[in-house]
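Shared between the two complexes below is chain A, which pairs with chain B and chain C, respectively.
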Partner chain A sequence: MKILRALVRKEFLQIIRDPSSIVISFVLPLISILIFMYGINMDAVRVTLGIKNNDNSHEIARLVNSFGQSNYMNSIVSDDMNVLTQKIVRSKIKGIISIPNDFSKKLETGRAADLMLITDGSEVNTANYSQNYVIQISNQWLATSKYAFLMKPQIVNPVTRTWYNQESNGYFFVLPGSIAITMTMIGILLTALVVAREWERGTMEALLSTKVTKIHIVLGKYIPYFCLGMISMIFNLILCIGIFRVPFRGNYFVLLFVSALFLFTCMGIGLLISSKFKNQFLASQLSLGIGFLPALLLSGLIFPINSMPEILQHLTKLLPPRHYITFIESEFMAGTVWPVVLKCSALLIILGTTFFIAVYKSTDMRLPND
Partner chain B sequence: MNAVKISHITKKFADVTAIDDLSLNIESGKITGLIGADGSGKTTLIRLIIGMLVAESGKISALGLDPVTQKFELNKLIGYMPQKFGLYEDLTVIENLRLYADLKGVPHDFEKLLEFTSLKKFQKRLAGALSGGMKQKLGLACVLLGSPKFLLLDEPSVGVDPVSRRDLIKMVRDLISSTTTVLWSTAYLDEAHRFDTAVVMNKGKIIYEGKPTELAKTSEEFENKIIDLMGGYKKTESPIAKNYVYSHTEDVAYTVVADNLEKRYGDFYAVRNNSFNIEKGEIFGLLGPNGAGKSTSFKMMCGLLKPTSGTAQIMGIDIQKNPEKARSNLGYMAQKFSLYESITLEQNLNFFAEIYEVPKEELKSRVDEIMNVFDFKKIKEQKTGDLPLGFKQKLSMACALIHNPPILFLDEPTSGVDVLTRRDFWNHITSLAQKGVTVLVTTHFMDEAEYCDRISLFYKGEAIAIGTPNELKKQVNAKSMEEAFINLIKESDAK
Partner chain C sequence: MTESIRKIIALIKKEFRIIWNDPKSRGIIIALPIIQLILFAHAVTMEVKNIDVVVIDQDNSQQSRELISKFANSPQFRTVYRANNMQEVRTKIDQQDVSMGLYINNDFSTAVDSKTPTDVFIITDGRQTNSAAIIAGYASQIIMSYNQEISPTGAVINVITRNWYNPNLEYRWFTLTVVVAMLAVVMTLLLTALSIAREREMGTFDQLIVSPLSSLDILIGKTVPPLVISMILICFMSIIVTQFFDVPFRGSVILFLASISVSLLSIVGVGLFISSICNTQQQAVLGVITFMMPSVLLSGFVSPVEDMPIFLQYFTYLNPMRFFMVLTRGIFLKGMNIADVSMNLIPLFFIAVITLSTASWTFKRKQG
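Our next item is the complex of A and B:
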């Protein structure tokens, strides 16, 4: 017990004196949350389209006007197709609407009239948005024009409500998820460096020649960095809930309990990397590769898991952030949903314990043979 | 009584045999010195004795315990100081002591240790901010906690000046009881005489074991005897010097001139008032402990570091005003091995020939010639990183000589190589000097100072004495260079 206390105290002293662990715990979450808040925008965007109108009828002029007056769209009108093509090449506009000269004539006679929309396929999301906007705006125009009689009456009329996030506010759901990513990074990075550092500086060799046992070494790393990680977790929550006003509908105790399990799991990954590779540079590179990238790309925060290939979908179950993101999003937006909490906790306990055992097994009490 | 019994152990790392069928007994209650060059197997042997590593074959018994199966029991009886001392540099002196006291389960009673190591005043200082000598004392204090029966110190004296080295062994003798066994490894042959028993290692084998005074009366003689044991060194004409053509006709009074060189970092003077003139064909040595300013001076001399004030001239060319031209007269061998390890020996030579601007039409013949001279032909296709240390050093020198420079700058060319290779190196250096090459060399081996025509002794950033080896010895009535060095430093400290 005395030995463990001495090791934990030593680790805390090192944390206090080492600015890098403070930077990882407090500056990294701040930067990460700011990026998720302002840098990654998944809400609808305003696009600018070019319009070439070959039909000079009065009614069509109103259509051209309504393209320009929408909240989601700006338009640039030109008679020269070349000018518009130039602009699309320079990315000044995201698409071109071309209205043929027989457009109103066809409507007049009750036939279907075509309208050409060219979009910039190099930005698929924007292209999709543009397409939707153009369809919506032209339908609205049609309903209020003199050709309104041509519209078929709509029988089924879906009325949408977005539950848990009425305003469809992107960052309300991204920010809690970003906590998961930040905490993966912090949990893995903090611990990945510390064991490797002891090997690099030769202090591990000195420790191994004292009464220190394996469990001392393992717990001596878990305990201090768990405490630091939880403080960083609370800092994250204060940023999210206190500063950025993300609504929280769940229970704080449940949130902290599951977060603690999650942190425990991530630290296991970090310590495993560290005790296997014993080199700070390699350890930090691997934490990025094993910790950050899968957490960002495969956890379902940004890319939906349902749209991944099936094998990958199964593999994501091994990623602690995947389960934690499911939990934290529902805890924030829907409140405590016990089935989700229990399933997520159980999975994290299984993963965390597996990593703990792996860390214990791979902690060397002798020098490596190389 | 033997504290350690080793019979026929062998330890291999990949293809390299670190310990080769070695047997040894270490007597209880004595200080045994384990002496050998880098890579001779000292550290591996110490690690095997305490069970940090496990041998492929053979048997070890340490204090009656088997280090392989009873490592934990053995840990309670030993004090082990690894290389780099095993200190937490971001913890203070007292925090380090407290940590190791807790880990060994002994009370926090550091009065006597702090007193003896004169660290009392520095208790609150971070271990990383201590000088090399003080770190070493703190490391020693940490391993002495709990009065271990068996003390193992891995190169405790590396990189420290001779004065601190002498203090250290005195401290150990004062602080241990008469029954404590000490195993102390060192790369310096000249330290052998301080130990009760000396064990000299070479290439994983023991080449001498016994009382150092029985082998030789003085440490210089000891080194000669060890060279004999290694098969002896026959001085032959240096093929490198034989092939060297001195083709520089510039008429300068001094080939190398340091003019009041000074380097300041904030308030700290790394080097101050450093002036000297070196004549053509002279070997000029910069001597001093680590951190004294040797390497800083060196880097300023070849224009790698900008001096705060003062300048240097190479063949009469100012290194500040015309660095490229001045440097073209230099062959430079850096302290750390600075060739490309992933390419072959021949590719390294070609590369250096190109960057030293050997004319294209001469390049091939020049590289061929230097490979003949250094006897590299057989290994020219080998990857440089795989070569033994001695060969790497030779290759560094070959690269420095590829453009027939009139001046050679050698920064610790012999650190880490065995005595035989060191002798060979100095044979080349002295022969080149006879051909007219000016040599500026740094070293921390005191005995090597004897090869120099003149020496500048560096201490705390200043040259405290300049002169021929004999002049310096006479100046302070010393018998050996080491004694002269210690006396001169004491004199300087007294001022």
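Our next item is the complex of A and C:
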């Protein structure tokens, strides 16, 4: 016990002497939350479209106006198709609406009228949004235009109810989720170099010649960085709930408990890399390489997991942020849903323990013979 | 002159060996980006597929079953569960077994037959805001097309969409042209950001400084190897992307090579700059992530740049990732011409010049 306390104390002193890890524990959450708050729009995307109107009727001029007045769309009206095309190539506009010259005539006689839309397919998401907006806005216009009485009657009306997030406020769900990304990085990066560093500098040799046992070394690394990580985690949560006022409907105790499990799992990845490679250069390459992009792209925060091929869906279960994101989104918006909490914690415990055992096994107590 | 070139070549050789001689390091450099490229190619899509639905059909008529079968037969929806009451729906959505609920009133068949309006409720899980909106969109489309079948004719607007550059809106084309750039950036940062910090930590950087090499020589020696490796990597990835994932390459190869070399040079600059202000590898790693996270998130990949608040849009002018992505996507999919390419190369060039010169300046200043 005394040995462990001394090791933990030593590690804390190292943290304080090179305060870069303390700085990062506060700076990274701050940057990340600001970006997710202001820079990432998970709701409806605003688009700018060009309009070429070939129909001179008065009523159609109103349609062109209503395209420009929507909250989700800006429009640039031009008679020169080449100008508009050029703007698509330069990504200045995301599409072109072209109104044919017989548009109003067809509506007047109670027939179907075609509206042409060209989109910039290189940005798939925006192209989808553009199409939806054009359909919505043109139909709204039709319902208030003088052709309204000729309209096809609408029999079945789809009515959407969104549960848990009535306002459909994107950042309410993306901010808690962003904590998972930040903490994955902090968890892995704080620990990825600490064992490798000791081997490289030769201080591990000194440590091995003492009465220190394997479990001392492993716990001596886990405990201090876990404490620092938890401070950073709490800072994240304070930013999220206290400063940015994301409504929290769950239980603080459950939140902290699962967050601690998640952090424990991430530190396991870092320490495993570190003790396997015994080389800071390789350890940092690997942790940067596997840490950030998979956590961002495969965790389900931005890209839905259900759309992935079956095999990959199973593979993402190895990623701790995936389970944490499922948990934290649900905990914030729906309150404590026990089946979700238990499932996520169980998976995190399994992953965390596996990593812990792997770290223990790969902690070398002998000098490499080379 | 030849003497100095010989010295630089020696330094470049040494840098190459450090990166390349360790089989583990070689493995990371080759395998990591390729594996991730293939994984992301299959996994990263904003389309929502395999949607499971739970339905309450109060009407239980031929008409309502017809509507439900339209869901079951649509490519986006997978399993349709039946429920008898709202409690069951709530449990299923709460536990995330399904991502959508559908509620059909008991007057459905009467309304359809008598052509009077009725509502059908779509319930989505707002905890996943973005997929919720997309799912609701799919469901409305299915209901609207059912509407078209049962309604009499009348005035209606058909929006006919043509998608340029990507006619079927394959999400993979968008993802891959961006991911190629992203993986190359990660690799370049890994190779550069640690290089000086590592030498500082081991003390060999002092030897380099007292050697006859000038700051510029050291800079070139540290720049060329990672640049060459990343260039080869990105070319290799581009071949995979075009050959195995059928992404079109519509631009000119020469413009592509010019673009990636300037883009990567600016990233090398950023990496060396981070490295030059750090004393340990730990600091360098933390520095890299502090740069990488905002630059990837604000590059326009996750959320379009034009959609950000104005002050952040100005901020993205400093972000090499942003221009790099516009270039790869533009050259691959849009066949960007030389004028448009140069527009995007100018900011990258400035970033490269500023970061590289700052880095070489700090070589001499930050000793001891």
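The definition used in the following text is that the second predicted complex is superposed on the first by the 368 of 370 C-alpha atoms of A that agree within 3 Å, B and C clash if a C-alpha of one lies under 4 Å from a C-alpha of the other, contacts with A are read in each partner's own complex, and residues count from 1 in each chain.
The definition used in the following text is that a residue touches a chain if its C-beta (ideal position, glycine included) is under 8 Å from a C-beta of that chain, and two chains touch if they have at least 3 such contacts.
Here the structure is a predicted model, which means the values were calculated and not measured.
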> Between chain B (first) and chain C (second), which, if any, makes contact with A:F173: first, second, both or neither?
Replying inline: second
> Where does A:K211 make contact in the superposed view: on chain B (first), on chain C (second), on both, or on neither?
Replying inline: first
>> As a test of reading the superposition: which chain, chain B or chain C, is in touch with more residues of chain A?
In response: C
>> A:D18 in the overlay: touching chain B, chain C, both, or neither? Say first, second, both or neither.
In response: both
> Between chain B (first) and chain C (second), which does A:M365 come into contact with in this model arrangement: first, second, both, or neither?
Replying inline: first
>> Just checking: does A:K10 make contact with chain B only, chain C only, both, or neither of them? Give me first, second, both or neither.
In response: first
> Overlap of the chain B and chain C footprints on chain A, residue-wise?
Replying inline: 18
> Okay, in this complex, where on chain A does chain C touch?
Replying inline: 18, 20-21, 23-24, 27-28, 31-32, 35-36, 38-46, 48, 88-91, 106-108, 110-128, 131-132, 134-135, 138-139, 142, 147, 150-166, 168-170, 172-174, 181-182, 185, 189, 192-193, 197, 277, 279-282, 284-294, 296-298, 302-304, 306-309, 312, 315-316, 326, 329-330, 333-334, 337, 339-340
>> List the residues on chain B that touch chain A in their complex, please.
In response: 13-14, 47, 50-54, 71-72, 75-76, 78-91, 95, 98-100, 102-105, 126, 142
>> With touch defined as at the start, can you tell me which chain A residues reach chain B in the complex?
In response: 2-3, 5-7, 9-10, 13-14, 17-18, 201-203, 205-213, 365-367, 369-370
> Which bits of chain C are touching chain A when the two form their complex?
Replying inline: 22, 24-25, 28-29, 32-33, 36, 39-40, 42-51, 67, 93-96, 99, 108, 111-112, 115-133, 136-137, 139-140, 143-144, 146-148, 150-167, 169-171, 173-174, 177, 182-183, 186-187, 189-190, 194, 198, 201, 280-286, 288-290, 292-294, 296-298, 302-304, 306-309, 312, 326, 329-330, 333-334, 336, 340, 343
